[in-house]
Every structure is written in structure tokens, then in C-alpha cells.
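Note that the chains take the letters A, B and C in the order they are written out, and that residue 1 is the start of every chain.
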Amino acid sequence: MYRSGLPLLIKVLSFMAIAASIAVEERSVQVRMASPSRFGDKAFEWLTLAMALAVVVLVILIGWQLWIGSSVAIKKFGFHFLVTSTWDPVAEQFGALPFIYGTLVSSLIALLIAVPLSIATAAYLTELAPLWIRQPLVSLIEMLAAIPSVILGLWGIFVMIPWLRDYPFPFLKRLFGWTPFFSGPIYGPSMLAGGIIIAIMILPIITSVSREILRSVPNLQREAAYALGATRWEATRIAVFSYAKKGLFGAVILGLGRALGETMAVTMVIGNTPQIAASLLKPGYTLASVIANEFTEATTDMYLQALFEIGLVLFGITILVNLLAQLLLRTITTTSATRAVQ
Amino acid sequence: MHLERADNHTWRKIKSALASTIAFVSAILVISPLGLVFFHLLVNGAGSVNWDFLTKLPAPVGAVGGGMANAIVGSLELLAFAGVIGIPIGVLGGVYLAEYGSARINSVLRFLADVLNGVPSITWGVVVYGLVVLRFKGFSAYAGGLALGLIMIPLILRTTEEVVLLVPNGYREAALALGVSRWKTIVHIVMKTASRGIITGILLALARVGGETAPLLFTAFGNRFWNHSLSQPIAALPLQVFTYAISPYDDWHRQAWAGALVLVTGIFCVNVLVRILTRGHAASVV
Amino acid sequence: MENLVMATPERSVVEAVERMTEAPSTAEPIPACTFQVKNLSIWYGEKRAIDDVTLDIASNAVTAIIGPSGCGKSTFIRALNRMHELVPKTRVEGTVFLNGEDLYSSTVDPAIVRRRVGMVFQKSNPFPTMSIGENVVIGLRLNGVRDRKFLNERLEKSLRMAALWDEVKEDLHKPGTSLSGGQQQRLCIARALAVEPEVLLMDEPCSALDPIATAKIEELIYELKAKYTIVTVTHNMQQAGRVSDYTAFFYLGRLIEFGPTTKIFTNPTERQTEDYITGRFG
């Protein structure tokens, strides 16, 4: 019974296998495929969402950390922190006014230098330059943007400052020495040197954002001006600039945001002296520089708190400026503007 | 009357030519710092870049010679650690914006990413100091890498979003019509198609943070010796350049120039690589 | 004549629909059907793209969907493998049965539907990062098939079925985008066939091709119907006449007339169908 049963069982099993394989043959391909998992889809979507939410977390994290780090100082100094100019770590008296002043003045100098140059260059790149020269020029400007701040600072210390001290500064002093802005002795490291180095840092960003904005001006505008017999410059001034005014302003504000937060290069050439002096030839100090220089030296808790509060002030100012820039630039195609920003 | 009009016309033409000249001179002025910085880097740095510089530790104060080997390796370590944090978060976050997010959520996230891109790099240093250095009582490679990694996130997120959006919808549909799940379609088809652009974005972000000094000042802190543990301070090339540049020693100044030359060469190599990657793909980064 | 039609399009459409719901417009019943579409309506947001369509699609036959652009042809065939769901804010009413199974049932995974109902698109879209060979088997690979031997078998079989094997068998490693337009479209057909679907949907597969490449695809469609049910959208009347067994005429999201191709093209019941086929509008 048992002996005859086994072959029979094998026969039955093999018959079943054949039958099954015939059935499988029909849909052999589909059967081999894994069943789709909704879990995988959901998991991936949630994973990417979590990663995207990192930007929310980071913005909150920065604000929270700066606030926590400076809460004692904020309580102790209150509003006076922003409007007094004593910076005395030994006496634990901290006022940020010289740094706020230095940051604003150096950024303003930078804008005065960089804005006309950048916008003229952007106009040259989109309206006036021969076609073959445009792309190489754009590449060079991108390369300038890629130079690290610390290297520009190095160049500033050893090349720019000696040159400024020997030629342009004495010249400016001779010419405008009677005004408070260029009076006093010439040091070399100075507010003006800081402003110039920041200008170099923000030239590429203002240029490339302005270029994107000028490029987004519809050709119809230009053609209309040419049809009226305008020269190239007139077409640029009347049709292009007036159309792009708001966007160009946005580009300038974006440049201002970068200028305010610029750290290394400025620290290396501005002289790092907390004073409010009218003369641009005198040294100054910025919010970012004082953090860079003194953070690791902050021996007392209150000193560190004060520096955190400086960081908070800097963060607050740059956020506001960047918000303004984003609002102004929002009308322009997002992608082209962000490409330029990065 | 006729003459006057001709005069007027000539004057307008002169004005136009003048404007063009001014714009041209401006363009020259804008790129001149690039040429000057390069020139001085080569003049002052090339002589000091030698085998010792690339392979030796810094010499003790006062002694001549030595190199920046530890700083070069340190920078690479920091970049690797930063990449581990910044690349996955940035790339996947960018994929969310391009593939899933609703218009409203996206505009908020995009806006915040742009705000983050505008945060001064020194601020990141302060924040990571508070988060890591204070908490774990010491400067470390972790802290430095984290600071650089956080800076990379919004940069990579935005470029990834942009290039993923450039992938034609037809490819998504073709894969989905084969019964491939959505996430596999995104990973194996969409991201693979956009990989060139994604890699470009990553490289540019690495080049950008590789030259950062401010976020490292009080996180990685710097180190005159080899770093043996990521929980110890670590040297970085830009940091070393800064330290040497503001020092009073001539020999260190020479080394600062040499370090700057090495750093700039590295960054420009990455930029050239990016240019090769995107050659002929100017219109679509894909 | 033209004026008459244009003047009262809505009324005639309504009449047509009424007539269809009363009695099937086909004289003889369709033998075996792969799809049974019942009262299907589709909205994109507020816009109704498909309006109460009922029709059966025969197995192992070619059904052509014709009609002027914007009539809902594409939406209709995309509803057959749930590709319409990819458009946000889409809403569906009615049912579609695939061999007796309700495609829109909540227990049915759209991915499974799409494996059983393959699709070829208007613009050929081989994946640019992949070789010819990878393109063909990618559906299997991404759906979890790892067996190399089996993949190679399917690769050859699918390319043979798409009449592409002889042209590319030496170049399987070359990029899919290196092929000519017509070859690319046949590669896409091979890619769709590799997962062994029961149905092949084709959304104007020849509209971007030259006449010779078109002829090849048409020939291929004719051969493929021995094994597959084929639904093809076309705006080319001659093509519909050449390749299809059944033809459905859509207008403004409604099914105006459906029947054997010979009947639709020689003796249409509806005035609008006749006007469209004879080129008087659309």
C-alpha cells in the first residue's frame, strides 16, 4: 500500500504541477512581478516631506538658538543694547551701536560702489555687448562669485590696503580732507577699505540678478523704442530700465542682504575698532566681525550672551532685508532669479 | 532748423556711444578683481606650494617650513561630513517640492529656503556653537561639518527642485503606465534623468561651503596637528589661511598665500567640472 | 448642411445620446469584450471632459477612438488604465470593468491596472538615461523581477513582437534615444509589451511619425491584435479606417456613435459622424 502509494502521490503531484504551470504560463510575466506596495509610496512621500520641512525647522532653530543664547543679555540690557556704544567686556557693559553703525556704513559704501557698476555691467551683458563676449563675461563673473571671502580678505590685507594707503587715500584726503568724511590720519584698514571689499563680494550677485531681470524684459518693449527711432542707449534707458525698475531695486536689496552679513573679508580689512567716527579713513567694526573676532575669547557668560545677541540683531536685520528683496523679486520668474542667486 | 536736427541726432548718437563705453568699462571693473586676485595668488603663492606644503604638518611657531597637509585633509573630512547631512536632506527635500508639494506649501517652503540662503554664514557658526559646542563642551569636527551641512541644505534643495521640474512629464507617465509605483518612478526614472543637474547642484554647494571660514571659526576651531577623532577640533584650509593671514610672521603669510592658491584651485576645478557636466545642456540642466 | 449642424449641435447630441441609451447602436452584439464601460463621466475640476459614456471594447480587436481635438479621446483611454488620476482634482463617475473586474474599486491598485493595461504615448519617450535593452525590461525590473535569464528572454520576445529585434539586436547597449523616431515608438511598444499586458492603449501613436514609420506601426498594430486587445486614439481618419475593427466617434466629451469600422465609415447612423468623417467639420 505504502509502496504503491508513493509513486501515485508523485504522479498526482507532478500532474498538479503541470496543471499549475499551464495556468501560470498564461500570466507568467505578471505573476513574477512584485505586488505594488502602497506603503513604499506613502513612506517615500513622508520621507521627502520630512526633508523638505528641514527648511522650516532650520529657520525656527536659528531664531530659537539665538534667542535662548542671548536671553539673559536681552533681559539685562534691553533696548539700550542697540543704542549705546560702550563695549567693555571687563565691566560687562555691552552696547552694539558701533557695530550696527559699522555694518550699515560699510554696506552703504559697498552699495554706492557696487550698484552702478553691477547694473551697468548687467545692461552691457543683456543690451549692449557683442553676442560673442556675453557668455565668457558671465562665466568670469560666476568665477568671481566663487572666490571665498577669506581669500579676498587675504588679498585685501596684503595687496589692496597697501595700495589704498599709498595712492587713493592720500588723494582723497587732499581733495576732500576738509570734509569730516576724509579727515584724520590714514591707517589703511578702515571703514572705506571694508566697504570696498564688500563691494567686490556683492558685485557678482547684483550683476547676475540684474541680468536675469533685464533679460526678462519683453522684447516688445525694446522694439517699440527702436521703432520710434531710439538709439541703443535710449532704448535701454526708456524701455528696459523703466520696465525693470522694481526688479533692479530687488537685486540691490538682495545685494544689501549679502553685504550686511559679509564676514571674513571685512574682518580682515576694516580695522576692528568699535568706534563711531565720521571719517571713512578710520577703522570700524561690524556685527559679523565682532562675532568672528571675539566669540572664542568670550570668557564670561554675559560676554557670550552679548555676542549671541549681536548674532540675533544681525539675523533680524538680514531676515528683514531678505524678505524685502524676495517681495520685490517675486514678480520675476522664480527659477531664473534663484539660478542667479546661487 | 535742418542743421539743428542733425546736431541733435549726432548728440544722441554720441550719448549712446558714451553709455556703451561706460557700460563696457564697468564690466571690466567688475571682473578686474578676479584677474588681480588670481595674479597675486600666483605671484605670492605659487613659490610656496611644494611637496612639503602638501604633505607636512604646520611647523612650530618661529620655525620655517612645514605645510598644511592636516588642513587639506581636514577640509575634505569636513566636506564629507557636511555632505552626509546636506546632500540627502537637500536632494529629497527638493524632490518633495518638485514632485509632491501643493502650490501653497511649496511657495512657503521655497520662500523659507531662499531666506535661509540669505542667512549670513557666521550666523550658522553661532547657532551650531550653541547647539553642539556648548552642549558637548568642546569644538569638534562634528560641529564644523554640521555647520557646513546645514548651509548646504537650502542650496541643494533649490537646485534639485529646479532640475527635477525640468524632467519632461512623459517619462513619469511612461513609467507609471508600466505599473511602476510612484516612488520607484521618482527614484529610478525622474531622479536618474535629472542626475546630471542634481550632481551639478551638489558640486556647486560643496565648492561654496568648502571655501567658508566664518561657520568654522568656533565649531571646527582649527588644529595644528592631525585630527584623530571627529569629536576633536579639526583644521580646515580656509581657517588656516585666515589664521596665517592675520598673524605677524612673514613665513606664515607666504603659507597663507600658498593655502589660498590650493583652495582656489580646488574650487575652480569643481567649477570647471560643473561646466563640463553642463556643457551642451545650457538650456536644460538635465 | 454645415450651418444646420453648427446651429443645433446640442440638440442633435442629446438626441444621439438618447437613441444610444435606448438601444445599442451596434447591429450585432460584440463577441467577447475586454472592457465594459458604463455611464462613465470624468471631470477636471469644474470641467466635464467625458459625459456619460457607455461602450464595450472587444477582445483581440482594434478599437479606434476618433473625434475632433478636445473631444475627450485621450481622457477616455487614460481612464481605461487609471492614468487620468495623475491630473489633480479629477473626479470620476460610472464604472469600467476589465474582464469583469471593476477597475475603480477601492481594493484595486492602479499600478496593477496599469500592468494589465499597457500604454503607448503620442510622443515616443524612451528613458534617456537607459540603453535600448534597459528600456525594454525596465518595467519588469522596477516591478521586482530580478532573474537575468528571464529578463533576457522577455527582452528578445518583446522586441520581436514590436518588430524591432532585427534592427537593434546588435545595438542593445546603445542609448534608446539614439534610434529614429519610428524605432523609438516601436521601442516604447516593446517596453509596454514586456510586462505582458492584456490590453495596449495607444494615444495617437503615429502623429509624430513620417508615413513610412507610420505604415510600420500600423502593420504592427494589425499583428498585435492576435494577442492583445488594442485601443487607439487617432485624429487620422484614414488610419482609423485601415487599422481598426471598431470605431467610436467622440464629440464634446460624448460618445456619438460606436460600431464596426466598416459601418461607421460607410453608413453612419448619425449626421455628425458623417460630417466628421467626410471632413465637413473638426
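Simple rule for what comes next: contacts are C-beta pairs under 8 Å (C-beta built on N, C-alpha and C of every residue); 3 or more make two chains touch, one makes a residue touch a chain.
Quick caveat, the model's predicted, so the values are computed rather than measured.
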Interface with the most contact pairs, given as the two chains involved: A-B
From chain B, the most remote chain by mean C-alpha position: C
Distance between chain centroids, defined by C-alpha means - chain A, chain C (Å): 51
Centre distance in Å when chain A and chain B are each reduced to the mean of their C-alpha atoms: 11
For chain B paired with chain C, centre-to-centre distance based on mean C-alpha positions, whole Å: 49
Multi-chain contact residues (two or more partners), chain A: 33, 36
Touching two or more other chains - residue numbers and ranges from chain B: 179, 181, 184
Touching two or more other chains - residues of chain C: 111-112, 115-116, 143, 195
Residues on chain A engaged by chain C in the complex (per definition of touch): 27-30, 32-36, 38
Residues of chain C touching chain B in the complex: 81, 83, 86, 111-116, 118-119, 121, 123, 125, 127-129, 138-139, 142-143, 188, 191-192, 195
Of all residues in chain C, those that touch chain A in their complex: 109, 111-112, 115-116, 140, 143-145, 147, 150, 154, 194-196
Interfacial residue positions of chain B with respect to chain A in the complex: 12-13, 15-16, 18-20, 22-24, 26-27, 29-31, 33-34, 36-37, 40-41, 44, 88-97, 99-101, 109-127, 129-131, 150, 153-155, 157-159, 162, 165, 179, 181-184, 186-187, 204, 207-208, 210-214, 217-218, 221, 238, 241-242, 245-246, 253, 256-257, 260, 263-264, 267-268, 271, 275
Residues of chain B touching chain C in the complex: 168, 170-181, 184-185, 188-189, 192-193, 195
